[in-house]
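First chain A sits with chain B, and in the next complex the same chain sits with chain C.
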Partner chain A sequence: MSALLEVRGLEVSIAGLPILRGVDMEVKPGEILGVVGETGAGKSMTARSVLDLLPAKATASFATCTFAGQDFIPPKARQEARGHRIGFVPQRPRGSLNPVFRVGNQLSATLRRLRDMGRREARGEALDLLRSVRITDPERVYRSFPHELSGGMCQRVCIAIALAGEPELIIADEPTTGLDVTIQAEILRLLGEVISERNAAGMLITHDLGVVADVCDRVAVMYAGRVVNVGATAEIYRGALHPYANRLVSIATSLDSGGTPREVPGRVPNPGDHLAACAFAPRCFRAGPGCFDREPPLVNQSGQVAFCHHPVTAGVVPR
Partner chain B sequence: MTRRLAALIPILLGVTLLAFVVSHALPGDPARQYAGINASEAQVEAIRERLGLNESLPVQYCVYMIGQTCLGEPGGGGLIRGDLGESIRTGFSVAQDVGARLPATIEMVAAGMLFALVVALPLGVWAAVRKGKLLDKFCRFISTLGVAVPDFWLAMILLLIFFIVLEWLPGPVGRLPIGATTPDGPTGLYVIDSLVSGDWETFRTAVKHLLLPMVAIGFPAVAPILRLTRNATLSVLNSDYIAFGRAAGLRGAPLYLKYVLRNALPGAVTMAGLIAGYMIGGAVLVERVFSWPGVGLYGYNSLINTDYPAIQAYVLLSAVTYTVVFLAVDLVQSLIDPRVRLK
Partner chain C sequence: MTGAADTLAIRDLTKVFRIKTGGFRHADLKAVDDVTLSIPPGRTLAVVGESGSGKTTLARLILRLLEPTRGTVLLEDTDITAMEGAELEDVRGRMQIVFQDPYDSLSPWQTVGRTVAEPLLLHDGLTMKQASGRVADMLERVGLSPEHARRYPHELSGGQAQRVGIARAMITRPALVVLDEPTSSLDMSVQSQILLLLQSLQEEMDISYLFISHDLSVVRYIAHDLAVMYLGKVVESGPAAEIFASPRHPYTEALLRAAPRPDPAHKTDHVYLVGEQPSALDRAPGCPLYGRCPISEDVCADTPQELVDIGAQHRVACWKRI
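Presenting the complex of A and B:
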């Protein structure tokens, strides 16, 4: 099946420092792709590049970028897709709604803009959208200002806004950041539901692998500006090929089972740091001399793709 | 709101005392001014007696505040009954004098502020969006110019260009041509009154007379409002809600003039309020250049003639204006931002 969104060789640098160093990623129709990695791995930057929403000093270049067969390399194509073809669910939902307008106003303004609706029609549709994100009293929420709503409620409204243009792909950028732990799972389940209800595809960015297991069909693991391991969620959990991904899974599962996880030693490199041929090599428990000066080869095995000289083939490495 | 209004009373009482003391400390003798240069010493003394200037200062203040009752005499008057006294210079009641001139100043200051806002707000947003580009630099130039150029000088230059050289606009003859009938109306603002009564001819003339004073008094206000709007816009542009708005397909004019500007407004509104209060006091020079019959000119003439009641009324008016403007600013703030609630 051909991909809905296909990105190849995406490079982004901010003020001359490389942030993304050739990201390859694809989202297939109807699937939810989880994108995981530590802070600074480039997850959000990848998503923002697709919407042409990078910070002012950033420059991006793609080798390939297509969306449903359309060339997405011209920035204009990506800008025009915002809201219409790609919906975006932000992190920090309370800060993402404009504080001076009622949320209903913001939602119906989006509908009028994206779907050329009249005032009355937009209002009706907005209330329906609020209901579809499981808000039980849409009339009250419609009249509220963002500061009068809880973080979880604000995120439901943001999801409704992301859905307003009937997009084919919904990108959620760490959508549970800043929310109470008790409602994080609820919001993620909701996201999964609304995406599949609409036969849309999703890209869920998170640093929480536990979340991914519940919602995502496939997982892409990013490290230092590259995708190092991609595969079906079940395969990744059974035993990720890349040592970094493998260790992340082991941390997540040992946390779930109440054990003390073994940490990944060292720290994530900063942009501009000198990187080994495999950027993870300095922290890797399997690294050999070749890892530092030879580009890691592509390994395609048991439904996964990884870039590694010494892939883990024995399942999850015990701690 | 009521509590804030109640808090004004001691402030305004203090202002009356201050205005009284300062005006009486000024050099000059109103009785002599009133009598004229040819009056005899006895005549001056008689006038001084009639104006009550021979009483001690505390008694004079008492009379000013609560009227003749203070001296045990019948008759009303006094500030507490709303009586501002009688102008020594004009012989009319001060309230009448000020009432006749206040609309002229309000019209000029309101127009000037409107001009400043219409220029400064969109330019401020635009300069922020184009930060570091040519337009931003142009705005910086305008701001520096606005601070550096005195309003009365600008007034004269404007007259030179638009009245003398180009002959597009009328000269400094006040609000309407000499001899023109003034429009009747409830507001006293000629532009509004003539518009309400549908008198297009007078409306056009009034607008033409208003244009140059408007620019002269408004231009210096452009600079601070523009700078403030630009800086506020810069921080708004970095906010999460603008990023999310963009991600939801918002862009162009609706993004900037609705989504961004509304959030960048509060600082500019506070600044505009401060400046508006200042403008009413500072209108005197521009009024002088354009022979604009406003309160600034009245205050100035009262001052050089040591016209005590008029000076006191002028100072009190300035104080009241400031408080009214600040109340209005708070009101507007609460309309702009729902998180601001009036107590």
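Presenting the complex of A and C:
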């Protein structure tokens, strides 16, 4: 199946420092892709590049960028898709709503702009959207200011706003960070449901491997500005090829079972740090001399793709 | 629950905040309501709950950063609830805290060495020169090098900054350390480093930890005992392994069911509790979970639930589950 969104060779630098160093990523129709990585891995930057929402000092270049067959390299194409064809759910829901306007007005203003609706029509559609994100008293929420709503409720409103343009792809950037566990579960379920109800696709950015296991069909693991491992969620959790991805899964599963996690030495590199040919090599338990000066080759095995000289082929190791 | 040998024993600890509700009206908010807990030496008690459950207020009461409305705090069998002045300052060296945000909790103007030495200067009356040897040892112990003493917080990564916070807390060899979400702002790979460090320090110095967290996977790994809080009340407590294996209180069950697990075969149970956590001001006089609980009955609304021991130190505040 051809991809809905296909990005190849995306490079971004901010003030001369390389942030993304050749990101390849694709989202297939109807799937939810999880994008996992630690701070500075480039998860949000990848999403922002697709939406043409990079910070002012950033420069981006793509080798390929297509959305449903359309060339997305011209910034104008990406700007026009924003809101219409690609919806965005932010990390801090209350912070992304305007504090001085009622949330209903913010939602209907979005509808009037994106779908050329009149006032009355937009109000009716806004209430429908609030209902579709499982808000039981849409009239009250419509009249509320953001500070009168809980964090979970604000996030439902943001999801409704993201749905306003009837997008084909919904990008959610850490949508449940800062929410309580029980609310997080509800928001994730809601996201999964609204995406499948609309036959849309999703890109879910997170650092939580539990969240990925719960809602994502495929996972892309990023490290230091590159995607190092991609595969079906079940395959990645059964045994990721890339040692970094493999270790992350191993840490998460040992903690979850009350066992002692394996340590990953060192720290995540900062932008501008000198990087080895494989950026993970200095922290890697499988690294050999070649890892430091030869570009890691592409390994395609058991439904996964990874960039590594010494891929892990023995499941999740070592426990 | 109270033994003569406990590092920390709190009894009936209560904190009521008087909140202005507009005009001349006030309302009483019970942030911590009749909490009784204890921690033996070298053990970790995790306090788990969602935002607004009172876990941070509880920590502040224990450290005497807030005055309790009622109840007692015993640190190593000494009642510190009413202590003041120099006496209290002495006790503070025996109890320390590690904060959630490692950068916010370090002074940006002070070198790492000065920050780590400060408790020794305050509590042991040492000079900077006398302290420097112990500071260097402590920095090495937490996985930094003595050269880090000359650095400033902005030169450190998140993991390194948290190691400095831990070094500062441990340098007086305290009996009790409160860990307030110490790993939740750290990256995954660094998080496990910090957990392993905390565990080895505990084994080496026989420290008791009060570990505050909302991350159940971290708690599952580090906690010996567990107390689950909801709207200021402890609703379930006991050995962590026992509670994870067979949670009894509906709220504990909801938390465990809602927590996403790193296993694609396991699907999170999304709907269990009804609605969202109300404000502690609007709490029912009976069970705090009344209104959201899937198994509640009318009597739950106004019958207060006390913790009842159901064997092996496992205690539950729900009449339907004892």
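Methods note: the second predicted complex is superposed on the first by the 319 of 319 C-alpha atoms of A that agree within 3 Å, B and C clash if a C-alpha of one lies under 4 Å from a C-alpha of the other, contacts with A are read in each partner's own complex, and residues count from 1 in each chain.
Methods note: a residue touches a chain if its C-beta (ideal position, glycine included) is under 8 Å from a C-beta of that chain, and two chains touch if they have at least 3 such contacts.
Owing to the predicted nature of the structure, the values given are computational and were not obtained by experimental measurement.
Participant: Just to be sure I read the superposition right, which of the two partners does A:105 touch: chain B = first, chain C = second, or both, or neither?
Facilitator: After superposition on chain A, A:105 lies in contact with neither partner.
Participant: After lining up the shared chain so the two structures overlap, which partner does A:196 touch, if you call chain B first and chain C second: first, second, both or neither?
Facilitator: Neither partner.
Participant: A:210 contacts which: chain B (first), chain C (second), both, neither?
Facilitator: second
Participant: Does chain B (first) or chain C (second) touch A:237, or do both, or does neither?
Facilitator: second
Participant: After lining up the shared chain so the two structures overlap, which partner does A:248 touch, if you call chain B first and chain C second: first, second, both or neither?
Facilitator: After superposing on A, A:248 lies in contact with chain C but is clear of chain B.
Participant: Taking the superposition on A as described, I'd like to know which of chain B and chain C A:262 touches: first, second, both or neither.
Facilitator: In the superposed model, A:262 contacts chain C only, not chain B.
Participant: Output check: A:64 vs chain B and chain C. Expected answer is one of first, second, both, neither. What do you get?
Facilitator: After superposing on A, A:64 lies clear of both chain B and chain C.
Participant: If you count the residues of chain A that each partner touches, which comes out higher, chain B or chain C?
Facilitator: Between chain B and chain C, C touches the greater number of residues in chain A.
Participant: So in the complex, which bits of chain C are touching chain A?
Facilitator: Per the stated touch rule, the residues are 50-51, 157-160, 187-193, 195-196, 214, 216-218, 220-221, 241, 244, 254-255, 257-273, 276-277.
Participant: In the complex formed with chain A, which residues of chain B make contact?
Facilitator: 239-241, 243-251, 254, 259, 262-263, 336-339
Participant: Inside the complex, what are the residues of chain A that reach chain B?
Facilitator: Residues of chain A touching chain B: 51, 53, 79, 82-84, 87-88, 90-92, 95-101, 110, 113-114, 145, 147, 158, 161-162, 164-165.
Participant: Going by the contact rule at the top, pick out the chain A residues touching chain C in the complex.
Facilitator: For chain A paired with chain C, touching residues are 38-39, 150, 152-153, 180-186, 188-189, 207-214, 233-234, 237, 247-249, 251-265, 267-268, 270, 283.
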